[in-house]
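Consider the two complexes below, in which chain A is the common component and chain B and chain C are the respective partners.
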Partner chain A sequence: MQEETRLHAGGRKGAAAGARSGPAARPAARRPVADAGEGGQASARIDPKVAGPGTERSIVALKHRHLLGILGLAAEEITLILDTARSFAEVSTRTIKKVPTLRGKTIVNFFMEPSTRTRSSFEIAEKRLSADTLNFSLSGSSVTKGETLLDTARNLEAMAPDMIVIRHKASGAPHFLARHCRSNIINAGDGWHEHPTQALLDAFTIREKKGRLKGLRVAIVGDLMHSRVLRSNLFLLETMGADVVACAPPTLTPVELSRLGAQVTFRIDEALEGADVVMMLRIQRERQKGGAFPTAREYYNLYGLTAERVKRARPDVIIMHPGPMNRGVEIDSAVADGPYSVILEQVTNGVAVRMAVLYLLAGGTLGGIAG
Partner chain B sequence: MDAEKIDRSLTRIAHEILERHRDVEKLVLVGIRTRGVPLSQRLQKKIAAIEGTELPLGVLDINLYRDDITSVGPSAILKETIIHFPIDDRKVILADDVLFTGRTIRAALDGLMDFGRPRSIELAVLVDRGHRELPIRADYVGKNVPTSLEEMVQVLLKEEDGRDEVLLVKRPEKKESRRSPAKAPVRAAR
Partner chain C sequence: MAGLLVKGGRVIDPATKTDAVMDLLIVDGRIAERRPAGEGKAGLPAGTKVLDARSRWVCPGFVDMHVHLREPGGEHKETIESGTRAAAAGGFTSVACMPNTDPWNDSLSVTEYIVAEARRRGVVNVFPVGCVSKGGRGEELAEIGDMVRSGAVAVSDDGRPVGNSYLLRMAMEYTKIFGIPLIDHCEDTMLSAQGVMNEGYYSTILGLKGIPKTAEEVAVGTDLAVAGLTGGKLHIAHLSTRGGLDKVRQARRDGLQVTCEVTPHHLVLTDRAVADSDFDANTKMNPPLRGEEDRLALIEGLRDGTIDAIASDHAPHHQDEKLVEFDEAPFGITGLETSVALVMDRFVRPGVVTPARFVELMSRNPARILGLAKGTLAAGADADVTIIDPDAERTVDVTRLLSKSRNTPFNGWTLRGWPVATIVGGRLVH
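Take a look at the complex of A and B:
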């Protein structure tokens, strides 16, 4: 518990500015659902003798009604999401790519930051589950007219959506919404804080390729400072027992990173040595006004992933990138399109993982919310 | 029901299926997870032994088609649906362990329709325990078991549970709603 608190504190310091609503919101995120759907009941009802040999006592429902971050999710919950996603991958291979599971549910995609991949991935996932979707984005919305987040949330809530998928530039915005809305909230990226579905789809991709997460050496290279993808992945990989080595120029490395459990290095060759998985992070040009490195070309020379550098990793290494890629900055085209790259598989898997998250959160709804 | 009775029932059902369908080519088997799967595999073996033809076999997970998924929540981990053959114009034999309210079968029918337009669908179950809530009946029944709602029918199969047996047990006292509670624990016992 103490460990967790410590991690948490570090994590938020990383999130730094804008994390105002973070601390108060956290308990809400970790609040166990009063009655975890049928999960608790069902397993309580099974007679262990009847259940037979080799029966795994795995959980069948999440303990949370929001997905605000990876921090606070138990290993068994992560496993449940990944297992469920595996089954959903099949739905996307059918001729009729649609199941009626979330029929009559309304899901709002509330995207206050530009996003192509994540938003379309969520939208496709929602549509394949037969939910009704409403897209609400920055341009042309009342937010540009000066409405506060709380007012926007209240107005959204007044239309009785069942779930809200939120992307926001302020860390903690989803937590804030979770405190003020009855809908299930899904964090689709908040500031520098977390991007849980990205970490889940990364984990899913790794597991599909490697068969496991435990004991793998995962190198994460790139803009560690501004990356919510890093934080979510770090929490997830730590929980699942993988070893993470993080690499960036000192100017893009948050000081508390090593306290979060990652090994930190400033040399990419060192990070790549013997890696099973290499995750490249995007150099976020829109957040580079401080001049953390002189030029993109210098960054490429010192930290860009080239075919030559990949040779230091294990021969069966997989190369990942959450997108959008800056070719010739953090990653060379030859690597991005090369044999080790699973970058497009990540996108495909994203739909299945998001379907799983929506399905599991919807399932807990009535059993979960108190009255 | 013990192992021998289960086996005899399945042998009889296999014969009944063949009796009713002369042209085996059009037949396909689809098992409903969890325990419909081993049952359909056994039927497949038996039909192969009698007729010398191995019927295509599919596996259907009905969780995504349940009518109570958003109210009750998942009762089992979602598993993959595997139907690798076209079911258009085929005669589908759907197999499950227990026929109770009929809601599982309703969900399975919806699920199958997403894979094509079969010529016909027939239902084979090991146990029919009555208490239907929907206009659904089985075409092939291993055993009809009159039950009360306070009872649960538990089908144990070697492939899932290590032994073959059908048990009728008293449902433990619970405050839960009476809607299909008896079946849920059996399916959840995975």
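Take a look at the complex of A and C:
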């Protein structure tokens, strides 16, 4: 019996508008599954499958109210978001980079952790969709005065926003908000848990470059243990049929990672061998104090991505990084700025992908995008 | 005091090897006589009241040897009054309360306060557990002799492991003077390193910091070795891992004086509950919910006798403290009012443990470990009685619990087998 834990996808909408049948009988995606029958009564809370195995249909609307994580999203939903993002990418190339799609909607960007890229990306996406936005960050907020997350959430809620985009240092904070708020919640990164829009923009970038996700060999290298980018990418890539090899020193590898579907190695050369895509993860310097590696210098020697090492990958490899980079620690500047790098394209694509997510969660449908 | 006749129940008292339908006559707070069922009113003292116990189980009063009553200092979470009411509702006639109050119960004055407050407002027997070390800081021994004189029945720095192996040795030597057990929370805090849930598949999925099983196993190993060195009485609190349990089983074969307890939640839930509940802080406790392999091992320990006692580790927290991010929430859940029903529903009714073994786990063994003259319905014993309806079905509803706190993962669970009456010293307290 395959059961999925009801983890991340959040509440489901009542009815999926206008689902039509499409090419059937694509093989069901592999994805992490929970042990069948484990645990007590709590295991009764299982999300029904969005689509049964072998009955994958193309859809035009999202079935979820929130985007709390990638785990729990079906392949067809991921495809829908990526297809929708493609339509929105064009908007950003216009002279007037704005569509009226979310006019009258209020979106709160609730960022309880420092962020430049993700926050500005969401904000630009919201503005290009004509939403009214409110930025709310740690410094200068009442959180520094000791207000709890619950009270902050209730106060935000009292102003009736339509959506809350949350970045928080605690894993599960978006789920907490989803339990206590009526707004649509979008996870913009929670602790070490998930960063779903990052994985979506990464998938979008890969698809633009490679034309597909299925069957690609994707190496993810760096601090696996503390990375929400790893988890979201792993769930997404596994769902879409890519092969993931995850690489880190054993001190930065979470236990039982291979049960989530990744091939796990602590040898970078092995990870890079034949890779179509290499994703580098940021190494935070405080991990060294935590004893995970002796010095940044030794980390670079053992795991840094150099032009020499890139040669093991396929000749048409693309190099990705979610940022911010530590040049000379996990990645050499020659690689970061080199011909294989798509790091800045990731940032560009982030806007389109976030526009797609906001639009779809607001109830939009593919094909219904206003010019 | 007038008599009370508990009539027609199935009396289950392993201490006297009894399991039979009979009447129990209580006079002046003691078990006066056990009579064949249906023997009329002849010979009963005048004014004897009758409690109909037909189709009920009549057991020696249950003893929860590991609870947190939070008083003094944490009265917003629980008080001795509210906690003992919860205990009575949950079928417990005696509780042993842990010393991590504010101030810690590390001196005669705090122990005396607890004992006095329990006399004033408590509805069940309260047996304080004193600190091993001053302030629970793990540096120097507390005045254990003073605390024992004022009523402490054991020592522990619960919530924390005993500071270091030298202090542990000194404490295990020193407690021999009093013949009391040292109760240890076994955790190598260097290994648990601020983790918030069991380290495993689910911590990896959820991106929460894991507490490896090894943190418990290492500490159990150290404790057993020191117990062997000193010959002191060691009791291991809330055992949660297969590895820890195996070590206890082996030590016991080697002839060591060691006992252990397990909580209902570690027997019923696994770390999957953290995922299934979407990070609900009511699935956060220490030791954390472990994997299925551990849960099954603990059940085996119930069966084969390695586990001596079931204790709830009742750890009430105010909802303001628990309604926060998972990382920020304090460890612990309430247990006094769900413990008996969980064990009845999951283990006794399905036949995993026999009713007699159940009574040993809930009453006789914890009483024996703490050196209490409790845990039996023999003639002359204190009339502490727990009466259970093995067929009653009820749904846990946090809004109806008597504890001041509501932090339980079992809200909404429908369970069969509930305590229906609790008698303490001959008085019906619930």
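Basically, the second predicted complex is superposed on the first by the 302 of 371 C-alpha atoms of A that agree within 3 Å, B and C clash if a C-alpha of one lies under 4 Å from a C-alpha of the other, contacts with A are read in each partner's own complex, and residues count from 1 in each chain.
Convention: a contact is a pair of C-beta atoms (placed from the backbone, for glycine too) under 8 Å apart; a residue touches a chain by one contact, two chains touch by 3 or more.
Because the structure is predicted, anything quoted here is derived from the model rather than measured.
Novice: Quick one: classify A:Val264 as touching chain B (first), chain C (second), both or neither.
Specialist: neither
Novice: With both complexes overlaid on chain A, does A:Lys105 touch chain B (first), chain C (second), both or neither?
Specialist: Only chain B; A:Lys105 stays clear of chain C.
Novice: With both complexes superposed on chain A, which partner does A:Gly363 reach: first (chain B), second (chain C), both or neither?
Specialist: After superposition on chain A, A:Gly363 lies in contact with chain B alone.
Novice: Tell me the contact category for A:Asp83 with respect to chain B and chain C: first, second, both or neither.
Specialist: First partner only.
Novice: In the superposed arrangement, which partner chain does A:Val91 touch: chain B (first), chain C (second), both, or neither?
Specialist: In the superposed model, A:Val91 contacts chain B only, not chain C.
Novice: Of the two partner chains, chain B (first) and chain C (second), which one does A:Ala173 touch, if any: first, second, both, or neither?
Specialist: In the superposition, A:Ala173 touches chain C alone.
Novice: Is A:Val60 contacted by the first partner chain B, the second partner chain C, both or neither?
Specialist: It touches chain B, and chain C stays clear.
Novice: So chain A touches chain B in one structure and chain C in the other; where do those two contact lists coincide?
Specialist: 38-39, 41-43, 45
Novice: Can you tell me which positions in chain A touch chain B when the two form their complex?
Specialist: For chain A paired with chain B, touching residues are 37-39, 41-43, 45-46, 50-56, 58, 60-61, 80, 83-84, 86-88, 90-91, 94-96, 98-102, 105, 356, 359-360, 362-368.
Novice: Quick one: in the complex, what on chain A touches chain C?
Specialist: Residue list for chain A touching chain C: 5-7, 32, 34-35, 38-43, 45, 71, 148-150, 168-173, 175-176, 178-179, 190-194, 228, 231, 254-257, 259-260.
Novice: Inside the complex, what are the residues of chain C that reach chain A?
Specialist: 199-201, 203-210, 268-270, 272-273, 275-279, 283, 292, 320, 323-328, 346, 409, 413
Novice: Okay, in this complex, where on chain B does chain A touch?
Specialist: 61, 64-66, 69-82, 110, 114-116, 154, 156, 160-163, 167, 172, 174, 176, 184-185, 188-190
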